[in-house]
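There's a structure below that I have some questions on.
We just call them A, B, C and D in the order they show up, numbering each chain from 1.
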Amino acid sequence: MKKYPMDNEIEISEGLHEECGVFGVYDFDYNDVTSTIYYGLFALQHRGQESCGIAVSDTKGPKGKVELYKDMGLVNEVFTPEKLERLHGNIGIGHVRYSTAGSSTRENAQPLVINYVKGTLALAHNGNLLNALELREELSYTGAIFQTTIDSEVIAYHIARERLNVSSVELAVKNAMKKIKGAYSLIIMSPRKLIGARDPFGFHPLCIGKRDNAYFLSSETCALDAVDAEFVRDVLPGEIVTITPDGIMSDLSMCQEKKAKCIFEYIYFARPDSNMDGISVYESRIMAGRILAKSYPVEADLVVGVPESGNAAALGYSMESGIPYGMAFVKNGYVGRTFIKPKQEQRETSVRIKLNVLAEVVRGKRIIMIDDSIVRGTTSERIVKMLKSAGATEVHVRISSPPFLNPCYYGTDIPSGEQLIAYNHTVEEIGDMIGADSLGYIDANRLSEMVHGNLDFCDACFTGNYPIEPPVIDIRGTQG
Amino acid sequence: MKKYPMDNEIEISEGLHEECGVFGVYDFDYNDVTSTIYYGLFALQHRGQESCGIAVSDTKGPKGKVELYKDMGLVNEVFTPEKLERLHGNIGIGHVRYSTAGSSTRENAQPLVINYVKGTLALAHNGNLLNALELREELSYTGAIFQTTIDSEVIAYHIARERLNVSSVELAVKNAMKKIKGAYSLIIMSPRKLIGARDPFGFHPLCIGKRDNAYFLSSETCALDAVDAEFVRDVLPGEIVTITPDGIMSDLSMCQEKKAKCIFEYIYFARPDSNMDGISVYESRIMAGRILAKSYPVEADLVVGVPESGNAAALGYSMESGIPYGMAFVKNGYVGRTFIKPKQEQRETSVRIKLNVLAEVVRGKRIIMIDDSIVRGTTSERIVKMLKSAGATEVHVRISSPPFLNPCYYGTDIPSGEQLIAYNHTVEEIGDMIGADSLGYIDANRLSEMVHGNLDFCDACFTGNYPIEPPVIDIRGTQG
Amino acid sequence: MKKYPMDNEIEISEGLHEECGVFGVYDFDYNDVTSTIYYGLFALQHRGQESCGIAVSDTKGPKGKVELYKDMGLVNEVFTPEKLERLHGNIGIGHVRYSTAGSSTRENAQPLVINYVKGTLALAHNGNLLNALELREELSYTGAIFQTTIDSEVIAYHIARERLNVSSVELAVKNAMKKIKGAYSLIIMSPRKLIGARDPFGFHPLCIGKRDNAYFLSSETCALDAVDAEFVRDVLPGEIVTITPDGIMSDLSMCQEKKAKCIFEYIYFARPDSNMDGISVYESRIMAGRILAKSYPVEADLVVGVPESGNAAALGYSMESGIPYGMAFVKNGYVGRTFIKPKQEQRETSVRIKLNVLAEVVRGKRIIMIDDSIVRGTTSERIVKMLKSAGATEVHVRISSPPFLNPCYYGTDIPSGEQLIAYNHTVEEIGDMIGADSLGYIDANRLSEMVHGNLDFCDACFTGNYPIEPPVIDIRGTQG
Amino acid sequence: MKKYPMDNEIEISEGLHEECGVFGVYDFDYNDVTSTIYYGLFALQHRGQESCGIAVSDTKGPKGKVELYKDMGLVNEVFTPEKLERLHGNIGIGHVRYSTAGSSTRENAQPLVINYVKGTLALAHNGNLLNALELREELSYTGAIFQTTIDSEVIAYHIARERLNVSSVELAVKNAMKKIKGAYSLIIMSPRKLIGARDPFGFHPLCIGKRDNAYFLSSETCALDAVDAEFVRDVLPGEIVTITPDGIMSDLSMCQEKKAKCIFEYIYFARPDSNMDGISVYESRIMAGRILAKSYPVEADLVVGVPESGNAAALGYSMESGIPYGMAFVKNGYVGRTFIKPKQEQRETSVRIKLNVLAEVVRGKRIIMIDDSIVRGTTSERIVKMLKSAGATEVHVRISSPPFLNPCYYGTDIPSGEQLIAYNHTVEEIGDMIGADSLGYIDANRLSEMVHGNLDFCDACFTGNYPIEPPVIDIRGTQG
């Protein structure tokens, strides 16, 4: 169930999927930015392993000429040196998209590049619209045609139509934002501008960076680090930033009081070395471990984290409780996209192939095992069993998030109710089902302690408090 | 300069490129049609080697669910068994597109599949619109966005918009046809209908076939033969045919008196085993040879054709003149897409690598060499030189078409004036330039003899008599 | 069953397979020869489509350093520009190998590069040894190990062992030739020498070419033409030629009186534009047609050849009989290695997909159809049926070879007795089985007329007169 | 610089390379073992990322029929489902080989499959021979030819030759072992036997496992875990084990008193969850950390390990010193084989792309950073700099091995003297060069504490005490 540094562990994990990562750069000194985007996307790979793409343009070249390449696969699979060498430009955007089985297609990869009345636009989008179906229908009735099933196409349409009435792309973006409802962190490239926009709730992160005479937009700060850029600031919820050689223009007219930043970005999605809206992901995880230690103490010999995302919380638990921190697991990092999953009848269990227990560490010990979440429960059950087979005398499971009870409509792939073990089982029942000697989840009302007491967060998947009313029809799965 | 059976001879040839081939099938017995489309496209491969695609649907399945796969490459390169096995349906369309260097992209491959107000449509298009730019602009001003640069997207938009006002797809197609101007043979798949349409001038071919309880639409009859289907009839210029389980509906209301079928389909593009609008391609080429023999007789020992397309005309010349027919060339049929072209400085000439002369045949002989056309003249020059090096004492070149003088706006890739050797050289000069002892082209006013005296043909590339006024801006290169 | 220009038509054809083609070059001016070998192999592709390889060395570089690349596939599939660019040298050899289903492996591709007591050798071999099994066994008993199943490995071992006793590679080759029995045309590259050797019977061709300061060895002259080299002479049966900067040394001590050149090279295998041992392949085929016309005349309206290899004989038949020559077939040249073969239950017959009849040509006519051979009879049956369906009133089949009755042990993939239709059927029965109105084969005793009355040929597959006694155990399928 | 779970980090690391991993299985119940070998190799991937291969046979099938597939690449790249499905058998062996730039070739991949006097053998070899050159030369003088440059070919030859004189393969293996000198852990598959052999010094590990009615041989126990097999015992240094349906025969006649197991297997190569010769790799690393804490104590705030291999030693240091353990680094696990390395001139440093510092963790702290080794020093320098840029006030580097001073001739890719930073610099100088505030290496004379006081180890790379005299000529780089 672990995430970062992750390894496409679809097979063993009950993995939750972030929808996307976005990255953009505009170099005013006319240096080629293609490989910079490549490294930026590489640092955001954990946000999406299904497909990726890069669109670049030369702001000195013919206006509107955009070079695009996108395909299914990891960044280092899609962008071979040959492919990368064909792309040139001093402005560009990139995108990584998450991987689900089957439904994904090359057509749905991003960035989306369109030609419209005022020229060319490229879009990269992280999030999920709630009124996309209505908007598609409305557009349809005016004769619009759709070639993908992603929300980004709906956004593009609205920008294109609004552009007829206003004098700049950024104003068109603002007018489009008035119509679209939901979660979106957007990077838009027009022939001479790089535009970033974040929905008024700020569900997903977006930040600004700088290196010499180049400006960056990125889902996470870790991608700025990777390209040696300095973090400038976060894009604010509701803000539209327009980067041109004249500077960064900020339009705050869509900002609103209520924010709803996704708390699960801190728990699981984001890279621990990222900082989002002023809060360190790593520290929020350490804090989660501390909260767990205070809420659900237990006598034990060792605290271990399920790699990788459980490690920081385990360290926090250890710090708070004084129980030693240990490494109980070895993970096989070679699982790639084409890894052949063991069949059911095969003896080799898929968890064991990717995660092995260090028997020396756990033998004869009472273990506190920290993980970030339980979705269906099968992976947790297997890992607990592995620990016990290796000689652990007790296994106390602590989860650095509350139980999942509700689907997410803002861009996270949380399964619907029946598939969630917590949906129709008590915590005690779950503990029994996974074979734990005790089980503790972070209480939903203590989540804010993870993030400096901040209350601007969305915790709907745990509490059902949806900042935007969920749609009647399930619209999940069309996320950018 | 030869075409069929061709071998992707971009490198040595001055090859003219047909734009596309289209194929569709609807099986009322619910058999899977995917492999049938594969073989149909394979038989149309000579009409386009750049990219290909197949879209299929199950008329019993969820309405509007279309499975699509398309990519750059030949039919047998793109559709590996694995790819083919993923496509299922009893209705489907396919497309092959021609190959040019560089400008081609995967986005522009066809069929185009769109979602619109009334569901899903897939389109395959052969031809070229003359007012596509205007139409794009118009659409743009209503907020349309474009993700490809092909005319088919413009057609799709119009059908989608017209569908708002009328009660069926075929009526929407008709209304769209009232707006689009140019050359198009279209196959459209809606969830329960297969529709074929041909522009009122009938520039490019389209025919109907039948096998058991399945109906076909195809650019050429040779693809019907390949799938063992019977030829039913040609789609008429201006006709819209709608194939449903209830039968084939025909709407003739767009038909007009004036026709302008591309004469070059007979001279070069089409496969010799195809029959188009009642005329055998093979016989029209035999007749071309006979016309040449009558117009430009010469004393000689042997008539030879430049393979493959020159062979039939050479045989016709031989029949008419009584001079024996011979085979002077051996062609290497293994040249594939990735063939490495010799560099200029290399001794191996690229013509020689693909075409060798049978010295035994030509040594000491006066040769009449028949080819279908001369574009830039360089290939002809090399072939004449090869014949002479092999011992031919005289080489009289006869061309089974008139000199190219004008660009084509209806879907053929004829270079613009300056690149055409005939543009600023007399026939005599050209003969000298290519080293021929004499040179004769078919006279433009005798072309109709090739096609049974029929005058319904477009010969604008030779005569400049454009059936539709050429556009002010050059719109070539966006053909479907 | 047609061969050249062929199209890998394994599926539809009863195709007989030549085993291999070899090509070598030594450039004394130190030019890189890699691409020259590429083009040479490309011209020999018809001799083997299974696998190919190139080994090159720099005669100025470290002695014995050989760069090798080989893999399954056609020349233009295996040697992408990237692969080709990694090979450098002024001396090199190449090989193409034929394709069979299943048994072929990358390990068995050639050239074979070995390290042995005196350094490095690369070998390319066309032919088949008769005593390879015994030699392998003998070698085994001295502790030899084998990593391939090709005869070339046995030859390499013998050269390596003989080299211990003699002062030069070419002497070692001669001593090895004393031990190996069978058919072989060999090209051997040592660090500073290019050696060619042909077995004393001269079963398969090998010739010498020259271009500027570079010397060539090639299976066929067509490959010399392709690289613009001049034909110098054939390597004689039994001759060993050693090419060094000092000149071409010839060792004739292994020559013998009795020769046995494969007659089927002329009938089918070789390219018509090649000349072998002083005889034009094309002319021998024309002559075959003439012989057929004299032996098996029939009243008819048209003579047609099954493309490609039947065309020349058809022309010869027409010349001799005065019956007009025509083209009855159109062949689809796009069939590549990955072409998906129709399943039995599919309506599309595989012959029709690759070969279509020109109905206009044959309708109402009495046809004489010339093919080069009949193996199992199924393809012939299908083609006759296609002609009749297209309206031919009579189909008289003439075969430009005698009936196959015996397997070949010298390098041709002729199936064993039971699979040969002629093995247990009379000519009349065969004619009935394939639906022909009459059937005539060239009489075995007139074969010599094809080749200028020359009697130095092997016709064992037709007559059973084996120049070397066949082995007790069937050793076919290990050919180089 | 880290190893396990590693990520092909050739680019950023000064990585030392283990040569190979071997795995074999014999299922007496005739279950197919191919996928079991796949998972076994996958668990051994850290021992070699250059190439891999699997050879299987059916002990009920035709004697000596071996199916083999091998190629360059990681296990999950080489063995796609299609490739794996083609291999069938109930006995088989597999191999992974390490990756170096350039010199590696497909020919050198293993297993090696040979045909010899007694049938077929497949070999997989981990180690390096010291007298391979002499043995090759000797073999050469008897006419042997070599098609690879790997030692395994030399071993195969000797087994083949010895087999002429003795009655079983295992006796031939023993006799071959008398001739070969060096490090080798061998798995050999004959048609009906699976044989394991370990050189008398026991340089590299080899162990036996069991699952139901199947027996296993493996380089490390972690691969037994991955396939759910039980560890039975280690193969002893000098032992030959022969697994047949009759049981496991053990031949101890080659065993000797002196052992020399590679200590670096514990420090770096092996997976921490493996147990070798009775010693847990994980515990030996914890112990290394403890030794360092005792030998080189320092006042600090936090102990961190360079992931992954430094983590266990860091934990040990923390335990011993009482200084808290922390995680300072985030590693990007997505770097695959085709990852594009940043060019020198690019701002993005390659270390930063793969490893980022958690600034929150290190800011304002005195850090003890544990790594397993320093080879050239450049990576250590960069990591220290990253820590200081992130705000660490002091960085004390502790290395869980002594300084490298000497090359290894037994199968490890340690560069030669000049490239080793410790070769001509004192520890103090090195500390200065990498920017550390202090630097401590484990003392060579305390190494035995890591492994329970055991003295049967080879530490030649640190001490120069070579258990077998190094050869005069450098023979490294031909390892299996």
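Methods note: a contact is a pair of C-beta atoms (placed from the backbone, for glycine too) under 8 Å apart; a residue touches a chain by one contact, two chains touch by 3 or more.
The chain list, named the UniProt way, goes like this: A, B, C, D = Amidophosphoribosyltransferase.
Nothing here was measured: the structure is a model prediction, and the numbers come from that model.
J.: With a step meaning a move to a chain it touches, how many steps does the shortest path from chain A to chain C take?
T.: So the least number of steps between the two chains is 2.
J.: Sort the other chains by how far their Cα centres are from that of chain A and give me the top one.
T.: For chain A, the chain whose C-alpha mean is farthest off is C.
J.: Mind checking the centre-to-centre distance between chain B and chain C? Centres are C-alpha means, answer in whole Å.
T.: Averaging C-alpha atoms per chain gives centres 36 Å apart.
J.: Using mean CA coordinates as chain centres, what's the chain B-chain D distance in Å?
T.: Averaging C-alpha atoms per chain gives centres 60 Å apart.
J.: In angstrom, rounded to a whole number, how far apart do the mean CA points of chain A and chain B lie?
T.: 48
J.: So what shape is it, when you link every pair of chains that touch: line, ring, star, complete or other?
T.: Contact map by chain: ring.
J.: Please name which positions on chain B make contact with chain A in the complex.
T.: Residues in contact with chain A: 68, 107, 112-117, 136-137, 140-147, 149, 153, 156-157, 160-161, 164.
J.: Quick check: in the complex, which residue numbers of chain C touch chain B?
T.: 4-7, 35-36, 38-39, 42-43, 45-46, 74-77, 79-81, 84, 211, 222, 225-228, 271-273, 280, 282-283, 311-312, 315, 319, 324-327, 330-336, 338-340, 342, 346-349, 352-353, 356-361
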